[in-house]
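Next up, some structures in structure tokens.
There are two complexes below, and they share subunit A, which is joined by subunit B in the first and by subunit C in the second.
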Partner chain A sequence: MHSQPGRSIRDGRRITGLILLGMLALAALAGPDLVNHDPARQSLLEAMQGPSSEHLLGTDHLGRDMAARLLSGARLSLFLACLSTITAALPGILLGITASWLGGWMDRILCAFADAVLALPGLLLVLMLAAISPGSWWALYMGISLTLWVEYFRYTRQRVRIVLADPAVEASQLLGLGPGTIVLRHLLPEIGPGLLTIAAFGAATAVTAVAALGFVSVGIRPPTAEWGSMMTELLPYWRESPFLIIQPVACLFITVLALHLSVGGGVQP
Partner chain B sequence: MISAFLARGLQAVLVALIVSVFSFIMMKALPGDAAYRIAAGRYGYDMMDAASAEVVRKELGLDQPLLLQLADWISALAKFDLGKSLVYGTPVMDEIAVQLGYSLLLAAGAVLASLLIALPVGIAAGLRPGGLVDKASFSLSVFLRAIPFFALGILLILVFAIQLDLLPVAGFHSLEHLVLPSLTLGLGLATVSNRVVRDAVADAMTAEWRLFSRTKGLSARLTMLRHVLRNAALPVVAYVGVQLAYLIEGVVIVEAVFAWPGIGHALVHAIFSRDIPMVQGTALTLGLLYVVLNLCIDLACRGIDPRTRLSAREKQGT
Partner chain C sequence: MKAPGRVVISVQALCIHAGKDILLGPIEFHVREGGTLVIIGETGAGKSLAVQAILGTLHGSLLAEGQITVNGQRHDLLAPSTRANFWGKELATLPQEPWRALDPLMQSHRQVCETHRFVSCHSQHAAVVATNNAFGSLGLNGAEQHLPGTLSGGMAQRVAFAAATAGGAPILLADEPTKGLDTKRHATVVSLLSQVPDSGGALVVITHDISVARSLGGDVLILKDGCMIEQGPTHAVLDYPKTTYTKDLANAQPACWKPAKPCQSGDWVLKADSIRIKRGGRVLVDNFSLRLHAGERIAISGPSGGGKTTLLDTLAGLLRPANGEIQRAEHLSSTDIQKLYQDPPAAFPARVNLSCSLRDVARIHGVDSAQVACLLSRLGINSALLDRRPDEVSGGELQRISIARALTVRPRILLADEPTSRLDPITQRDTMKLLADIASDENIAILLVTHDIAMAKAWANRCIALSSPEEPLPPGGWGNRLDKAY
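Moving on to the complex of A and B:
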């Protein structure tokens, strides 16, 4: 890609992204237990406090510990992102291989299904699913996975067609090697890096979608600590303590940035 | 030409079907008995009883098998009968007719803002690949890209509307209210499209035909205007098409952030208040808007690139 200034810079970005991601994952896994506060416990006497040794990032308008809420929000977001990435990637890749391997009517049916999903902008589909069962995490999860799998499918299908036409694959088939070997030895090394990029961007989309729906009050509902709904709750208190509203925004920004950087920057079309 | 219309027409039908089936499921997923709910809505909670609920059930065919009800639901949509809003009591069509104008205004503002940012930055970066503008715009793009639309909206409100007190926070009374929402969407779109412009310009600058037109004596300026920019425009316009999905999604979210009285805002509200006819109507309108805009992009690409017209004619000939 010629929009990349240089290889070493790109590697630097990638490492930065991976380190950030590692720290986020660690915080999401261990954080809520390390912070000795219940993210839902209110204490109106302690509302809107600045950072202190008791509350590291201060407290919100209901006196809930911000650090505890941000960390359990991180756990929720990253968990949903991982889950929907896996749920989208596995069928996407398998169906992509199937479609290009078998061809014919199988290929046509799968492509038609993918086109049907893409007929609507992804977030609209997620919104419709969320509307069926407002506030439940499974509707969000289903909607996000349903919109994300198409990308894996299309990419895999396109690349596998090219790989399968390769003389090396033909030679392996003539040697009597099974489809399993061909998938492992020829296909995966070829499509692996591209799939990782799609996965990182997909995960970023998932994190953003969860927060966006939470922000417009049709996603995960309060009192569950979720970055998007925290922004909605804290926005009215911008004048008293702008420090509060910035926190969930920063968390979301760092997460998306880390995911984008981990595959070398976020602006390749 | 006809095939482009056909494909988009098919997509429009698909959008209508998906939205309609989803809204049907939504209605069935509501807790309680729909016949009682509708009877209560008609006669008031005090005046209704089991008998009136049965009348409603018979009249609306709620005792029919699910598939038949679904067929009824879809055929109502096919007759462009979107029903009435459960909250406002007004026909959904009337509500949407007002909101669509606002949403189109915002979308146009967003595309304009993104082009005003992406074109100068992208062209400047593309003329000197690896230069200062190129590097700076790349880094800035990576950072801005990581801020989701609504978070960007919050940040812009905090900075421009509240700290600097330059622009109104939300709502719509004058054109000033259009600035912040369009800027939010436009910045988000421009983070990627400025790179597309840059790549397109950089490619065109190194192309052989550019060298040829310079060799035959065309001035640098005319080469730029007549050949480089025209060739660079094609991937840019095609990419605006790719961005349409983001644009529609962005309109939904950004309208909610800025309390913009458009369709996206109405959709989010309808979901929140479980106003199913409104959900169906607004989602359908946004979906169809997506299809129509895509069609416009298809046609624009054909207008810019004579090759696609030629190849289509050859196909028809054989």
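Moving on to the complex of A and C:
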């Protein structure tokens, strides 16, 4: 009985997070078509307007539809977050399992490599890649996933070492079960919930990183709608229409919050 | 006999439900000051539930009904957080398997000192003095700086006892205190527990070991399938049992088993020639030789910590011996040696259904599900159990499922590492009989590791006794770490 209230609160948070994420994903998938406006189309006559039936969330300083731009930004941010999470998680998990399974030299080499990546500031790597190819999304994506895989590697390696030392794994090996079955039955069920948590945090980091780089004009270049660069563009007008600058900030806030809430209070025992 | 003291724990019409199913009850008992109550029953009979109900630590999905009065106060009416205030001060518990109850990263002295300091609210100095006294009186001197993992089972049990009683609680609830300890250590634990009633406290012990119940004396409560079968003074109930179940229980001790029929030995399947096994720089087994024949049952006995499990792992090919040679018969494949584990839940993938685990094994070895179902029914396993996870079935059932899993691959050798040390006497007898039948029917050689010499003698065709290098030989002798037939 004593664990019930805690659990229901955690479930509530998780459900809220998942609903928010679902709505964001739908909005990103439908994109600017949802409001029937071109996010790049300028109309100086309609600049800095408040919300109306024509422009649901108003227009920016160049008269572009804010709703269309936010949706287009959501598509970019969530796409990059998904892509970089998957490309960071897969090698991280595979290398983590390899390192703890084989042990010995393989383990040492992989750990040394992971340490070397960790020693390099993640943002520096992104800035270097952005300098090689300014304004392109792949440089951002590469930089983010190259820095994020280490977390998956470290977590997987640590947990898998513990699980592999279990008599249950020994029993399965004696029974003739192959490595595939052991990964599927012993390792993934044990490390899965923890990995999901890391994935949600990693996705949130990616979304924030894209926006942060956009804000300092290193990331995606205008006119592509991106939340970070939108904040930079709208910042000079915060006094005239604070309503505009709040919108990309709120979008970023809600996305990161939804990602964190969706994994709830962490791993369930 | 002293004059009966006042009633300390009184349980009336206690029932524990899980949804619509009644797991336990109704049961009723009273324990007086200086009194002892032993609860005996088969695995899964709900013994632990009764103690959890008294403590207030029942799982949230279970519902307890009835009256629980501790020191004149109705505990069943209190809020869980209020009940927690009594832990350590009025009610103490000695959980199963002490090294799981102790903090693995804290030195044993500090763990006990902590309870003196924060539960009894002594000053730091007084707590250290009290801990030193407790360690002295329990014979734990020298173990102060050890981590629980480096203590032997008996020592860990004493550290847990010191920590549990440090809060000064007059009532001690002990859940299977002798589980996993060898017979010699039972006496130590029994004398430890007897201190509680001797000093005017109340003791409730859950056990499935009849000899422990006899040595503790007091009253006994016998449970079967959650129902109370018999109740009364321990010696009266066990010496003159009224119900067939209690009779069965009293007769299920290995000493009462029929001796094993000699087997016709076939060809040898496993041979060890003067092997020496080291672990952590310490020689555990030296000059050990063995010849295991098809269909033969050999028991290896020895004290806890004597290297029995390590020897078994070496014979299974999981470890290399430091010296000597282990040979398998040429026709044996890699899966022809199977192992049964002491702790069945630890031998199954924890988060996967049992049916899924069994299906994986059957698929790889090309066994169809009808054969597996046939095996399971022979072992008396209801197929509905297989939809559960390993921690949701009782130890006896899970051990039988693990036997079924091992037999699915049709092994030639079965290495059994204390397979019944966590089971009650009747389940133990049935499981061991089953193993013996299987050995003769399928011509499988079984190597049993046990600390129960009576069981080794009663069950095996041949016994081997190991002595640990640090311990003196018990009277009568263990044999000298050599293959020796009784």
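Basically, the second predicted complex is superposed on the first by the 258 of 269 C-alpha atoms of A that agree within 3 Å, B and C clash if a C-alpha of one lies under 4 Å from a C-alpha of the other, contacts with A are read in each partner's own complex, and residues count from 1 in each chain.
The rule is short, and it goes like this: a residue touches a chain if its C-beta (ideal position, glycine included) is under 8 Å from a C-beta of that chain, and two chains touch if they have at least 3 such contacts.
Quantities reported herein were computed from a predicted structural model and do not represent experimental measurements.
In the overlay built on the shared chain, the residue A:G178 is in contact with subunit C alone; subunit B does not reach it.
Using the contact criterion defined above for the overlaid structures, shared-chain residue A:H186 touches subunit C, although it does not reach subunit B. By the document's definition of touching, of the two partners only subunit B reaches A:A130; subunit C does not. Of the two partners subunit B and subunit C, more subunit A residues are in touch with B. In the superposed model, A:E170 makes contact with subunit C only, not with subunit B.
In the superposition on chain A, A:S52 contacts neither subunit B nor subunit C. Across the two superposed structures, the residue set of subunit A contacted by subunit B and also by subunit C is 2-3.
Against subunit B, the residues of subunit A that register as touching in their complex are 2-3, 5, 13, 115-116, 119-125, 127-134, 204, 208, 211-212, 215-218, 228, 231, 235, 238-239, 242, 245, 249, 252-253, 256-257, 260-261, 265-269. Of all the residues in subunit B, the ones that touch subunit A in their complex are 11, 14-15, 18-19, 22-23, 25-26, 29, 129-130, 134-135, 138, 141-143, 145-151, 154-155, 158, 162, 191-192, 195-196, 198-199, 202, 239, 242, 244-246, 248-249, 252-253, 256-257, 267-268, 271-272, 274, 279, 283, 286-287, 290-291.
Those residues of subunit C that touch subunit A in the shared complex are 58, 60, 80, 316, 318, 334-335, 337-339, 341, 343, 346-352, 356-357, 360-361, 364-365, 402, 405-406, 408-409. The part of subunit A that touches subunit C in the complex is made up of residues 1-4, 166-168, 170-172, 174-178, 181, 185-186, 189-190.
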